[in-house]
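One structure is given below, represented as structure tokens, and several questions about it will come after.
To keep things simple, chains are lettered A, B and C as they appear, and every chain counts its residues starting from 1.
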Amino acid sequence: MSLRKTLISVAVGWLVLITLIHAWLNLHLFAARNATGTDQNKFRIGFLPVTCHLTCPVTDFINKQLYGESIFEPVRFNGWPELKEAYLAGYTPATFILAPMAMALREQGVPIKIVYLGHRDGSAVMVHKDSQIYRMEDLRGKRVAVPNRFSNQRLLIFRALKNAHMTIKDIELVEMPPPDMPAALYAKAVDAISSGEPFMGQTELDGYGRVLWLTKDVWPNFISCVLAVHEDMIKNHRDVVQRLVDGIAKSGKWIDKSMDHRMEAAQFVANNYYNQNPRLLSFVLSKPPDRVKYTNLTLRKPDFEEIEELGRESGILKGTAHFEDYTDASFVTDESAVQAYNWEPAKK
Amino acid sequence: MSATQAEAAVEPGSRASSRGNAAWLRNPDSRFWQTVRAVGMLALFFTVWGLAVRISHSDLFPTPGNVLRGIIELAQKGLLFKYIVASLFRVTWGFTLAVLIGVPVGLVLGWYSRLFQAFNPILQILRPISPIAWIPVAILWFGVSDAAPIFLIFLASVFPITVSAIAAVQNMQPVYLRAAQNFGLSRGELFRRVIFRASLPQIVTGIRIALGVAWLVVVAAEMIAVNSGLGYLIIDARNAGKRYDLVVAGMVMIGFIGLILDFLVRQLEKFDEVRWGYARR
Amino acid sequence: MNKELFAAISIRNISMRFPGKPPSEHIDVLENVTASVAHGEFVCLVGPSGCGKSTLLNIVAGFLDATSGKVLVEGEPVRGPDRRRIFVFQENGVFPWLNVRENVGFGLRMQKETERDRIIAHYIDMVGLRGFEDAYPRELSGGMRQRVEIARALAANPDIIYMDEPFGALDFLTRLKMRTDLVRIWQSEKKTILFVTHDIEEAIQLADRVLVMSPRPAMIQEVIDVALPRPRDLDSPGYLEKRDRIFRVMGMSLRVGEAAAA
């Protein structure tokens, strides 16, 4: 056979074959169809596999258990940049996101509205257990890793430095993706790391990390990640946004109701959503129990004004957007009235 | 040993496989020994790797054994085949588009010098931009779907192909063109029967390079929230905590599939339509 | 002479000037060249290296435009290459991606398949390459490749064949053989041939008439009517006399090692 005939038959054959197999395996094209995306009830929400975003998979899971289907379609991203870009492209009309990042986007004119908080606390600064660093002052001249310029961890360090009468110039700040931080600490490539859980807890669990301080020690009830939606969603589908916020609020209450709930959440979230070791999530959710909290999540102006101020000082915010611009607190007016989901896992 | 067998042993490098028994054993360049050399080196490499990990007492870096167990775990979960298929799917389409677009564009730009003058600067500017830099654009244009990684893979592969095609046409022997024009070929016939055919060996070289690049870029391309593929496996394993065994397993599988792909493309060079360009005198 | 009226090729006052380095210093390669070739004639152009004989042939074939002058082929001015007049190159004219059969059949796309196969087989046979139909040029010797090119030219059934030192890259014995075969083929096909060579002996062995060109800027110095019967005897006095005449016209000595005549 000549080259041309061979090539065409092999090429076309392979194209068809690989497309069919891929469609069957990965796109479930031949499986039962379920409405996604375009269906009004199932918009997409973006999240990262971090403990801060726990309420997202928990809501999804419990809804499926109780009602057979979820309110939304959770989409997991592997990094902040992709999460942000998907939101900007309109792919995920709702998303969990860093509070300073949402505020910065608003300043740049992006129609984003924070509607609820994701959690309180849930951050830490870890050092190597063999290091001689025991206080903030010991960090002078050392290298500290944070996830992102817009991260709360960076702001927290700012605040901690201020409290210790130091400035940002006294330490060397580097940006690093959270999944790489444990290895960097282990190899002593950095002296201290700070990001959301479970990456901090991982270093403790594996025996080489030691807590320098937890968020609650520096800035109690600090807000970190928030739930944000596109302005058009609020305008056109207010009821859907309401259901989303209600669901997140109820999940928060459910998680904080008892340690059993937390352990259960650790299991099903780690296995089905985060692809992490359940032991790790259990550790982070329990030691200490107030490492991260999921209640008291209503939007309050003072919390955000503090972030605005710190953001201006540290150079990431211009200060042109204010609380009314980037939040919409009308979805949960009275948090004490929110009831936890009434769902108990089946006894094994 | 008979006389003929002794002869076969003495003749260096001769393909004595057709004469005498076990001549393939005696011929130092037979297929058997070629395979032994390659496999032996690989085995040595894996051994050194395993030893290095053990000696350094590294808690994080996996041994070849860990990696193998990781691969088996993936296979047991039914993910191995799914991921390989997903990555192959995206590379197939991205690469195919690169060939279908890159070859004609390259031939045209190589032939029409005014078009070349106009478009070449743009080409050279776009070429060095890493696919990772294009990720935000990909998400904006194609959303979070298979189309985005396919686009990135297309971008990475189209440039080697186009550049090879252009070079082939520009460096073509003028004698072929004169001879073809002598026979009164129309413009279309000239392109099909002469320009394309004369450029084919160089284009195949470009294709070989492009396929390597496409497969290399698959890790970056799958950083966009797709949920399958070997590149995704590596990125996800990083996020999952300490699963470096899966990270390296992903790398190993990408490497082996790359080897197979390169071998397949090299078979293209055996066809008569291409072989003339590589012939050794 | 009335030859002009019946000429297959009529070259009138062709001059060719190339830009030099720097472009202001041009190179005059051809100056006022006039000649003609009759139908069915075998004409050779000889001259020293670089005198522009290949340039002239390319102009006649339509690959180059002359600076001034006219070329008429079959009474029409030449506007470009034409499939009725096929050019045989010195080397590498054969397409390396096609085998012998496909090369020879290159100009035959118009024909029906059975007719095409017949023509191809006929000419492959004529140039003595039977059995090599499926071989590729890289597998053939230089002489065989030139045979393929000649077969390809003939198969297209042109009126005129231009040959640009086609045997120049071959060894001595092969050249002798090729000349014999070419004459044999020409006698049976009766094409008009315009043949460029630097080899004086070759010109006399092959041609009806030899046009001797001067060094640059070239013009036709002398036209020599060979008028010897074929097959030509390389020892005959007639042959030697013509050969010596050309040598003298070109200012060459017959004794190797002697200084050139003024």
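The criterion applied here is as follows: a residue touches a chain if its C-beta (ideal position, glycine included) is under 8 Å from a C-beta of that chain, and two chains touch if they have at least 3 such contacts.
These figures come from a predicted structure and were not determined experimentally.
Participant: Considering only mean CA positions as chain centres, point out the chain farthest from subunit B.
Facilitator: Greatest centre separation from subunit B goes to chain C.
Participant: Taking the mean of all protein CA atoms as the centre, name the chain whose own CA mean is closest to it.
Facilitator: Of all chains shown, the one whose C-alpha centroid lies nearest the global centroid is B.
Participant: Report which of B-C and A-B is connected by more C-beta pairs in contact.
Facilitator: Counting C-beta pairs in contact for B-C and A-B gives the edge to A-B.
Participant: Determine the centre-to-centre distance between subunit A and subunit C, using the mean Cα coordinates as centres, and give it in whole Å.
Facilitator: Computed from C-alpha means, the inter-chain centre distance equals 82 Å.
Participant: How many Å are there between the centre of subunit B and the centre of subunit C, using C-alpha atoms for each centre?
Facilitator: A distance of 48 Å separates the two centres.
Participant: Determine the centre-to-centre distance between subunit A and subunit B, using the mean Cα coordinates as centres, and give it in whole Å.
Facilitator: The separation of the two C-alpha centroids amounts to 38 Å.
Participant: Of all the residues in subunit B, which ones touch at least 2 other chains?
Facilitator: Touching at least two other chains: 272-273.
Participant: So in the complex, which bits of subunit B are touching subunit C?
Facilitator: Listed in rising order, the residues of subunit B that touch subunit C are 173, 175-176, 178-179, 181-184, 194, 197-198, 200, 272-273, 275-277, 279, 281.
Participant: Under the touch definition given earlier, write down the residues of subunit C that touch subunit B in their complex.
Facilitator: Interface residues on subunit C, with respect to subunit B: 61, 63, 80-83, 85-87, 89, 92-93, 95-99, 106-107, 136-138, 156.
Participant: Inside the complex, what are the residues of subunit B that reach subunit A?
Facilitator: Residues 59-60, 81-82, 85-86, 88-89, 92-93, 96, 135-136, 139-140, 143-144, 146, 223-225, 227-228, 235-236, 238-242, 268, 271-274 of subunit B touch subunit A in their complex.
Participant: Within the complex, which stretch of subunit A touches subunit B?
Facilitator: It comes out as residues 2-4, 6-7, 11, 14-15, 18-19, 21-22, 25-27, 49, 75-79, 81-83, 85-86, 88-89, 91-92, 177, 179-180, 182-183, 186, 198-199, 202, 206, 274-277, 280.
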